[in-house]
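Questions regarding the structure given below will be posed in turn.
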Amino acid sequence: MKQEKGYSVRTDLALEAHEMNVKNDPSSSDSDGVEVLEKEVHDIKTTYVTVDQAGAERIGKKAGHYITLESQAIRKQDTELQVNLAKVVSGQLRKVLSDSGIKESDRCLIVGLGNHLVTPDALGPLVTEKVLVTSHLFELQPETVQEGYRPVSAVTPGVMGLTGIETSDMVHGIIEETKPDFVIVIDALASRSINRINATIQLSDTGIHPGSGVGNKRKEISKETYGIPVISIGVPTVVDAVTITSDTIDYVLKHFGREWKEKDSPSQALSPALNPFERKTLTEEDHPTDEQSQAVLGMFGQLEEAEKKQLIKEVLTPLGHNLMVTPKEVDTFINDMAHVIASGINGALHPGVEDGEAQSYSR
Amino acid sequence: MKQEKGYSVRTDLALEAHEMNVKNDPSSSDSDGVEVLEKEVHDIKTTYVTVDQAGAERIGKKAGHYITLESQAIRKQDTELQVNLAKVVSGQLRKVLSDSGIKESDRCLIVGLGNHLVTPDALGPLVTEKVLVTSHLFELQPETVQEGYRPVSAVTPGVMGLTGIETSDMVHGIIEETKPDFVIVIDALASRSINRINATIQLSDTGIHPGSGVGNKRKEISKETYGIPVISIGVPTVVDAVTITSDTIDYVLKHFGREWKEKDSPSQALSPALNPFERKTLTEEDHPTDEQSQAVLGMFGQLEEAEKKQLIKEVLTPLGHNLMVTPKEVDTFINDMAHVIASGINGALHPGVEDGEAQSYSR
Amino acid sequence: MKQEKGYSVRTDLALEAHEMNVKNDPSSSDSDGVEVLEKEVHDIKTTYVTVDQAGAERIGKKAGHYITLESQAIRKQDTELQVNLAKVVSGQLRKVLSDSGIKESDRCLIVGLGNHLVTPDALGPLVTEKVLVTSHLFELQPETVQEGYRPVSAVTPGVMGLTGIETSDMVHGIIEETKPDFVIVIDALASRSINRINATIQLSDTGIHPGSGVGNKRKEISKETYGIPVISIGVPTVVDAVTITSDTIDYVLKHFGREWKEKDSPSQALSPALNPFERKTLTEEDHPTDEQSQAVLGMFGQLEEAEKKQLIKEVLTPLGHNLMVTPKEVDTFINDMAHVIASGINGALHPGVEDGEAQSYSR
Amino acid sequence: MKQEKGYSVRTDLALEAHEMNVKNDPSSSDSDGVEVLEKEVHDIKTTYVTVDQAGAERIGKKAGHYITLESQAIRKQDTELQVNLAKVVSGQLRKVLSDSGIKESDRCLIVGLGNHLVTPDALGPLVTEKVLVTSHLFELQPETVQEGYRPVSAVTPGVMGLTGIETSDMVHGIIEETKPDFVIVIDALASRSINRINATIQLSDTGIHPGSGVGNKRKEISKETYGIPVISIGVPTVVDAVTITSDTIDYVLKHFGREWKEKDSPSQALSPALNPFERKTLTEEDHPTDEQSQAVLGMFGQLEEAEKKQLIKEVLTPLGHNLMVTPKEVDTFINDMAHVIASGINGALHPGVEDGEAQSYSR
């Protein structure tokens, strides 16, 4: 792939990897090793992506199952939507556990990756603070543990810059010592797309690669490295200036593409843009033709996404301006997202925690 | 002005307002009411902008004096540079006070604007936490106050969303009650340019307009409203996606412009780009010709800055993607900047605080 | 009074002042200007103390109404009890407002006293962060305000050590400028008794004296100083070593007193001490006779409370050991208490906030 | 020992254990297995306690070396004294390392015990945040590491209530995985004496027992359990009401004891109490005779310390009033102490860090 020499369009989200692949090679389809199913309930869009070995090679993501939840609950600071989102996280996580052959009594280790001193990277540590921890009760006061709970531990290994230790090594040492039956690992991700920040949650049975998004040679946290199932929960919380620019230019192109199409269309009067209460969306189909792209954006408009990003990166990086940024409301967003995920985990791990109460179990 | 109907290119920085004006109307010059002086010492660039009444109308900034300090001390997390920057803040602030007719014994009220719960907006509250406060000692234990100190108070009025009260009204009430001789007000600003975030400090004798950058109808904090000198210290800490994209596109154009020029130039061998230790910079002179701009960026490349921003804004806003963002390292950046500014204020207000010690007086 | 020359047994709680008075002069009774009513519902003990002018002189508290709520909800970290406590705060506060002639549409200013950087003193600032603020909506977007809400503002004036300004002056300036109809002021108090820390809430229509507990000459915040009703909410959060010691010695005496009585009593078999599930309590009636006191504690056992405290203070203070302390769990206790009080205030001020929902309105 | 059945007078400080032993059995002396050396420089008192096997049995502390530093630097919030204290920590720690046979290039693991959410227990986590961490640089970028530095890692294992995992197990897992040559472990302790809170630092080569002070059955962190040297740094940050009362009663007795003695002494005119600038201290020699004790404090005055504490505990505990408390200024005290210890560790571990600069290396 061209981009290998240039800007890495690598993404932690399988859904994005698949979409990029389809975009670059429109002839490819689900039958080529990637299966995609979508549903949308109560403003939450859920996408199931299943990747087999062939698909893994094509889209550059490990074979396995990926579930992507998309919701504006956090960015809209809508408490009711957040309660619903937590329930969906809970339900989907329960399904992932069950599909991974994990039993109701299996012992869980929750690992919150990230740096608690850097707010947009503090999601993992905040989730471990908020989940219901029970292992020590099973060990020391088994008589106090009610039906419907399982042994759960939670650790916050920190980041290598603060500990001096490879994160995956630290987790390995803890697993070797405490012998859990499976691991749930939570991490903040770099986003490949401006619209996913704090708006997407990916559950997967493939584990994760800490820091992989930013070019570090850290080691994998997965079933392959630890020998037990590793379920990952990832949320994009930061994005770089290259991505913001590239995304925006893409939106500009689609904007013109749609305008040109609508000019020829009698339905313009019903265009969503005229309804002030409905948020406009632009889709791949709005992309203009190559000629139109060139007219609007010249040579730049004709570049592939990867080429475009590579060019922007080459310009911004030596200037010191390829900042990694996060929304201004980062303190609230990260705290709310941690609450949603912790509630979801509590509900999924302990049948004794009713869906309706999962929230209040989250500290 | 065209932009009045569209994207506000209004900026809190007089230097930027002046640059935009010159760019849009290259025939205008300093003699038209704006006087600009520059100097650079120890990696800190200081620009003095003096605006008279005629200039005020031309560039849309109040008549008065503006001093802009530019430094990478915070973004590079370089402690030594930060100590130097604090000394420069101190020296320049002392000059502004003296030019405003403020005497060494005059009583000062420091006002830290912003929301302490939103990290990129917490600069003002953090500075008031860190400055040296003495008014109560002058009042209650005058015998304990040494030579070289003046009465200083410091308040954090909060933001209207948390207090329910117009910030300028709250400050007015406190001034009426405590009768200071002058005010220093600190605020985090929205930046108009990606390279200024946490890298620019503006001192001014014109006061400020809380929230003016984001279209709120809050009232002015200035000599006109309070009847006493109001010195403002502002630092850009956030930027929106429109600005990031527009800035980046501009860098791309200049990048090509420079490349084209250098192709014809024998001096290419000495180009800074070849020195890996020197950060590349691009200047206005690198802008390509109109034909070149069109080739590279089509129709888009020929838009004025304001038009370009207006277009991008029209596309991003209905999508919900014109995020206001801040660098990922926001926690460290804001804390370090608050320390620099508090040290600078301590040194400027109290001759008894030696430059070398101003740092340690900042809590 | 003896204690005037010695250890101040002054207390911010009227209930304590009354109890001390009765203890020192058992012949005094309610009919002498202090009326006391008690009730206990759901583990929350509510005491109404009404002080008239004669009573004010006798117990050293301003004439007015005082409501004391006693509950272990915070110290036991019992969420359910805390929800109940918030409802009781809400109901009692509603009564105080109504008795003070405050109408449902009257405009409220909430003042959170204390230092947000000192956790046990951060109760006031935390409450102002958590209450529902609406004044700006009534002013700027009146169409968005539903029935059942009133205009409420909230400010955090800080402490004189951080601002350099007398707190009551700052509040006065804000009141002059914003003209509220009444004030609710929240403050953390020094406790006179170990068992009240984070376990007592006092509502009163007499206002409060910031810092009065620690001998500072700060000014009053009350109807007398501001001309509008000032409702105060106070919670003891710290205690000094003198008080801990004095209280404990008192408990030791009562412990022996009870033991001696029980020796002669056939009911010993039913003594609460034998029921391990019931927390023991000791009452004034358990106090031993003077002879017994001397046998147990010598000369010390015969001192009046004020003399005892004065002696302990004379010994500890020059040693630097009269520490002001707070329970180890201070972070949780203060945060939970702020949540309870903010929920109570929201429910009392806005009929539109249902009791059941008041909690979720607290941020 | 009597106290075994009653109030545990067990202490984490060897110096205290020794003092208690001498007090209970005045015939015992250093030659019986405990060697004590004292020196005082610049307001910092340093005591070296060496315990051999015989001494270990007598005082109930493990055989080994204990260094106790006593200073008011933190409680007086005196920055200059704190800088000096950090230098003394550094020097003494260097000595302990050298005496333990640790070489300059040996790899260190720093373990910060405690709960970062409970301020008085957050000392360990704060120190690990502040120390200079280098292991990853030695591993990944060895060319960037200068002379005078050694590989140092730092972990914050958390507390069992938050992780569900026995702390010593977690540390064991990390040691097994990362194979350091020695460990430095930092912990906040419960104090046995009101005057030690935030005023004493104990260095030791015997390791520590997490939570041992509060009766938990956690496992030891020591050379015996891990097979490599474990240096411990402990600071008393909390104290219970029993101790405060018992200490205070003891001070009262000594106060009277001294007064009686001084009455008969011609030197009264030179008594320190007359010098208002010198803080009074009371010593063991001030204790009154048994008859005097009985006169002052009756039966109570004649109890042994352990009996007294046991009695107070029996009275307070069933009442729910044996609170564990910390000074009101806990936020500042813990942060300053963490800074002092982190600076001391940096200076001791890395000869490349000059004493004068150790402070600025602490983040």
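Labels for the chains are A, B, C and D, by order of writing; each one numbers its residues from 1.
Here is the rule we go by: a contact is a pair of C-beta atoms (placed from the backbone, for glycine too) under 8 Å apart; a residue touches a chain by one contact, two chains touch by 3 or more.
Nothing here was measured: the structure is a model prediction, and the numbers come from that model.
Participant: Between chain C and chain B, is it the same set of residue numbers doing the touching on each side, over half shared, or a different set?
Facilitator: At the contact between chain B and chain C, which are copies of one sequence, the residues are largely the same (over half shared).
Participant: When the centre of a chain is set as the mean of its C-alpha atoms, what distance in Å lies between chain C and chain D?
Facilitator: 35
Participant: What is the distance, in whole Å, between the centres of chain A and chain D, each centre taken as the mean of its C-alpha atoms?
Facilitator: 46
Participant: From the mean C-alpha coordinate of chain B to that of chain D, what's the distance rounded to whole Å?
Facilitator: 48
Participant: By residue number and range, which residues of chain A touch two or more other chains?
Facilitator: Only 117 qualify.
Participant: So which chains actually touch one another? I want all the pairs, not just one.
Facilitator: A-B, A-D, B-C, C-D
Participant: If we count contacts the way the header does, which residues on chain D are in touch with chain A in the complex?
Facilitator: Touching chain A from chain D are residues 117, 128-129, 133-137, 139-140, 151-158, 160-166, 169-170, 172-178, 217.
Participant: If we count contacts the way the header does, which residues on chain D are in touch with chain C in the complex?
Facilitator: Contacts found on chain D: 72, 75, 117-121, 194-195, 197, 238-239, 241-242, 244-245, 247-249, 251-252, 255, 273, 279-282, 294-301, 311-312, 314-316, 318-321, 323-332.
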